[in-house]
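Structures for review follow.
Across the two complexes that follow, chain A remains constant while its partner is chain B and subsequently chain C.
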Partner chain A sequence: MSRTSPEQSRRIQIIFILLLIAILVALPQVIKSDSTINLAVYVLLFVSLASSWNILGGFSGQTNLGHAAFFGAGALTTRMLWLSGWNLFPSLLAGGLVAVALALLIGVPAFRLRGVYFAIGTLALSQILYITVGNMLPMISSLPAQDLAVYQLAPRYYLFLAIALFTIGAGYALINSRLGLGIMAVREEEDAAESLGVSALKHKLVALALSAFFGGLTGGAFAFYHVGYYPQLTFGPEWTFDALMMVYIGGMGTIVGPIIGAVFFVILRELLALNLAEMHLIVFGTLFILVVLFLPGGFMGVWGKISKALARQQ
Partner chain B sequence: MPFLQVEGLCKSFGGLKAVNNVTFDVAEGQIIGLIGPNGSGKTTTLNLLTGFLKPTAGAVTFKGENIIGRPRSQMCPKGIARTFQIVKPFLGLTALENVMVGKVYGRDSAKSLKAAAEESREALTRVGLADKARMLAKDLTLMQRKRLELARALAAKPQLLLLDELMAGLNPKEADDACALIQQIRQSKITILMVEHIVKAICALSDRIVVLNMGEKIAEGTPDEIICNPQVIDVYLGRAHA
Partner chain C sequence: MNERYLNWAVRVIGLVVLVTIIVACAPAPTATPVPPTKAPEPTKAAVAPTTAAPTTAAPATTKPPEPTKAAAPPAPAYIEIGASIPLTGKFGSLGQQVRPGYAYAVKDINDAGGIYVKEYDKKIPLRLTVYDDESDPTKAVSKMETLFADNKVVAYLGGAASDMHVATTAIAEKNKVPYLGIAFALNAIHQKGYKYLFSPFPKSVQQGPDTFTILNALILDQSQRPLKVAIFQEKSDWGAEQGALWKENAVKNGYTVVVAEEYAVGTTNFVDLINKAKAAGAETLLALPNQPSGEALVKQMVELGWTPKFSLIIRAPENVTWSTNLGKNGDYVTIFPGWHNGMKFPGVDKLNAAYQAEFKRPADLLTGPSYACVQILAAAIEKAGTLDRDKIRDAIAATNMTTVIGPVTFNPDGTAKVLDPLIQWQNGKLEMVWPKDQATKPLAYPAPAFDRR
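Coming up: the complex of A and B.
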């Protein structure tokens, strides 16, 4: 067996990625079934949400238990602005920025403390918003009749695709940058990183802001996609914990892990929900515990071990 | 103007005076040894100089600038780097990436990530870890981790390097290697303040030695003066040594 050089394997990777993107772009043209496209929308939504959670949780090592706050803030802002007559893209951008503002509000005080304060703070923030939004906006938010008349699924699908690619690309660019090196150094050993000139607070805040921004964008896309939902829905804890589980299952701190985790999770959930109804929660809870206990690197960790073992055999 | 000036440095933890009114100067290009029994305040002094602890009182002037109260992450870009008594490598990063952090964030930082990688490879070669560049730090031995920590600090191009017990936990052969490394660093005109327990090594390397006991400076001088100083022999070296 001839060994491939790094350049060759890199070229193969790029071709594979381009091919995958081409297939995803062609999908709505080929498949006319709305239910399949809807499933693909959910896959892309969770690819974005999990990848955005991973920017903070995986690269900077800070556990965010309130990502739903950013998703919900993005969704609420975008929905309100868009339905009030703004163009879609400024509405999405505003949604992302509101999520960033919210993130800094909790991050600036919480990151000055070490330990679990950030995890508790984010969880509290998202739950407060969940209850407050439920009380203040108890009515369902539906698209007006004239929008419903022209509703098309394909543009929604493409928006989710673009945001997923954007989020993944941003994560990739980040970990291959000076900033990303500093962020990972802080994750590994904060004292040593600071002794070398890396400001831990600043780097955590950058990771948090990016994570929140893409979480907010994803929420905005959801607001553009969904015909009618209670505004409270987007602040629900399941957005946080589903994304978190996907990252753990796929492989935290990697680019590919959250993607694999999201695809696996959404498709498996679909299959289980068809057959087991609400029982799928038990399946995922069990799966999550097993992964954390026995496969701390997730699927990507397993893959890394296999490829290492194969390399040794050669 | 001295290169580093420490004046009346004090640090109390509650009622305990860990460092009490310590004063000394370091001239550029010198190697200063900091010795004393366990708990005499050596590491605390290092932590005060690098911003890891805030002093209760006192002044530290580096190149004429007061550096007390500055965030610790600003010390390295100013030219002060340190190692830790218990090494703190970035375990999940490769040896090369470990060193690159120093290159990218230290003084006079590399222009691009690519340049940083190249220069970091040289730094690894200098400490004898050239073939370990792609290994994760968690797969390195203690000696290799110490070398890595040194390479990482050197990559930040410090003018003042603080070494906290670099030789602790090393066998005699490894300690000799570490001595040779420090001699080599001296060639590049980096000023060194080192905390060490191996008296033979510190006497061979240091230009001057500062002795601490119970948080206070009890002696300062050349290695020859220090090993004959009766007070130092009493509290630290012991009669057998003299």
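Coming up: the complex of A and C.
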């Protein structure tokens, strides 16, 4: 039996990916339950958010504990512009760009230092924004009744799908580019990379800007999706730590790890919540601890080990 | 490198799609029925009422009309209703008071055979599905959609706290499902033009004037009234709304606002505000903190030696742990929780007995209003004679009945004309001091200094 050539294999994989994307695109037409589409929206939201966190945390090795600041900035900007009459797409773009501006504001000074300063800086930034937005914008942001009357979930689903694919695609393109190799070189050994002419600061800033941009876009999609919330909500620490946990569960520094982590995390948590009432937090917490203890490299780590074992057997 | 990542991408996207399809095709998750209602068979005859419940409040207790000759369509096994409640998280203590009210009301109605629905010419029991939204509005939205899509609820029951209601009421409006919610005083939600939102709970527009009219009615000697007012206003939409109403009504009723300061939601540092109030000689404290801010406020008042003659601290003292944690320092504080277990309305005794048996204390403050929500809904379903959501909504809007919280009618914006009882912590117990005809104790006034209790 002849083995498939790498080129044939690549073609099959591309066709397979396109087919899967087509299925995802067709999902709202096939499944009419808003409950399921809603769950799919959450999965896609966290796929985007975790993947955007992973661009900085996974590929460049910089621990960002304030990703909620970028998510929240994107959400706030988009919501304000969109509800004031702007078209959605310019509003989303503006949300992403505001998130980038914020990221550079904290990144430029923090990246000049080493160690935990960046993590502390981002955490402080998100907390400052959380409190400041709560104080300055205490009013509800809810859709007017006439908008609710024509609210449809499917366009929101497609927006999240597009952003998720865009984020994943950007991550894939990045790690296969010269820029991405530089970013990963900085992650592996900053001094060595610098000695080879790779500017650590520049590469870290690029990764930060990309991460913030996609985090901001995801926040913008959330602003388009959610019917009513207090603006402070989107700056809450849970947006950072949920995304971070998903990346750790799935496998940090990989393209597919955040996707697996988000799917596992969101679906499991939702199913437990629907079936176990307030007990679900205990069960979910226990499962999470077990995963972290026994799968230190996340699901992708296990997959890697299995693949190697299979390869050795062959 | 490329191929390796492409392989992974293919596998994982495949997994995503597979899981999505499995979830989509899986049967709806079994909801948590609350409580064990012992729902009778739909065909079972109505059980006679065991207490003097108002006839309009418990439709099941009314005698159903004679069956019509025409063949009725097959009735559903249950009337599905659902709630997304913060049972855990920062509003968990409120949600834990709300849920039993719903559960007991459903049980009482089902024990009597269910609700007579004319369209089906029979009594149908209620089935309540409750999900925990972890005090997270985003999760609450998801749960509300599940209740609508999977459980096909004919009506929603609300959770607790404005943060949660602001998200869930919008979903009810979007899905055109009647929504009965309590434990939020924010009036702004009702000004959004929502048609499906109803709240049999006192709002800030009622509590603003009530604060001073009740004080004047309880302290007849004008020279004894605590005329110098300090307002500690939470930086939230509810805080701004309530603060403005307090300021406006203080002046109208002969009071002077000597301090009006803001604090951030969740703060535990009130030192500056207390010092300003103390320096201005404030005699009344009006504030809106949740926990743990509320307890921190009182502890710092003790440390700084400022005891206002009268304190109205809305929300934090509604927690059952208030007195346990603060001891005598928690006494004399008043609240506007919408209900008290000492109210003299039909059904309250039965509710207290059930609560006592399960929780070893009479019903909590938010349990009565949540019980009333189900009473109102049941009456509306019976009045509508159908499970059509729009007709149930119209019947709720036309509500005019007595519940465990007293008489209830609704305004066009979904707010209600309900009693606004003033409750006070006295000797570690919650006592009702207003309205006078319902009061369990007179107002304890003025509050003695903390070091003399």
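Rule of thumb we're sticking to: the second predicted complex is superposed on the first by the 287 of 314 C-alpha atoms of A that agree within 3 Å, B and C clash if a C-alpha of one lies under 4 Å from a C-alpha of the other, contacts with A are read in each partner's own complex, and residues count from 1 in each chain.
Basically, a contact is a pair of C-beta atoms (placed from the backbone, for glycine too) under 8 Å apart; a residue touches a chain by one contact, two chains touch by 3 or more.
Source: prediction; values computed, not measured.
Engineer: Clash or fit: chain B and chain C on chain A?
Structural biologist: fit
Engineer: Looking at A:Trp86 after the superposition, I want to know if it touches chain B, chain C, both of them or none. Which is it: first, second, both, neither?
Structural biologist: In the superposition, A:Trp86 contacts neither chain B nor chain C.
Engineer: Just to be sure I read the superposition right, which of the two partners does A:Ile259 touch: chain B = first, chain C = second, or both, or neither?
Structural biologist: So A:Ile259 only meets chain C here.
Engineer: Check the residue A:Phe288 against both partner chains and state whether it touches chain B (first), chain C (second), both, or neither.
Structural biologist: Neither chain B nor chain C is touched by A:Phe288.
Engineer: More chain A residues touched by chain B or by chain C?
Structural biologist: On the superposition, C touches more of the residues of chain A.
Engineer: Once the structures are superposed on A, label A:Asn176 by its partner contacts, choosing first (chain B), second (chain C), both or neither.
Structural biologist: both
Engineer: Does the superposition put A:Phe166 against chain B (first), chain C (second), both, or neither?
Structural biologist: Neither partner.
Engineer: Look at A:Ile31 in the shared chain and tell me whether it touches chain B only, chain C only, both, or neither; answer first, second, both or neither.
Structural biologist: Only chain C; A:Ile31 stays clear of chain B.
Engineer: What is the contact status of A:Glu188 with respect to chain B (first) and chain C (second): first, second, both, or neither?
Structural biologist: First partner only.
Engineer: Applying the touch criterion given at the start, work out whether A:Phe16 contacts chain B, chain C, both or neither, answering first, second, both or neither.
Structural biologist: It touches chain C, and chain B stays clear.
Engineer: Determine, under the contact definition given at the top, whether A:Ala200 touches first (chain B), second (chain C), both, or neither.
Structural biologist: First partner only, chain B.
Engineer: Closest Cα approach between chain B and chain C after superposing, in Å?
Structural biologist: For chain B and chain C in the superposition, the minimum C-alpha gap reads 9 Å.
Engineer: In the superposed view, which residues of chain A touch chain B and also chain C?
Structural biologist: Comparing the two interfaces on chain A, one with chain B and one with chain C, the shared residues are 176.
Engineer: With touch defined as at the start, can you tell me which chain A residues reach chain B in the complex?
Structural biologist: Chain A reaches chain B through residues 176-178, 181-182, 184-185, 187-189, 191-200, 253.
Engineer: Once bound in the complex, which stretches of chain B touch chain A?
Structural biologist: Contact set of chain B toward chain A: 50, 52, 71-77, 81-82, 84, 88-93, 97, 100-102, 104-107, 113, 116, 149, 152-153, 156.
Engineer: List the residues on chain A that touch chain C in their complex, please.
Structural biologist: 6, 9-10, 13-14, 16-17, 20-21, 23-24, 27, 30-31, 33-36, 38-40, 42-43, 47, 131, 134-135, 138-140, 142-146, 148-149, 151, 168, 172, 175-176, 226-230, 233, 238, 254-256, 259-260, 263, 267, 270-271, 273-278, 280-281, 300, 303
Engineer: Using the touch definition from the top, list the residues of chain C that touch chain A in their complex.
Structural biologist: The touching residues are 1-3, 5-17, 19-21, 23-24, 28-32, 34, 87-88, 92, 130-132, 134, 136-139, 141-143, 145-146, 148-150, 162-163, 166-167, 169-171, 173-174, 188-189, 192-195, 235-237, 239-240, 264-265.
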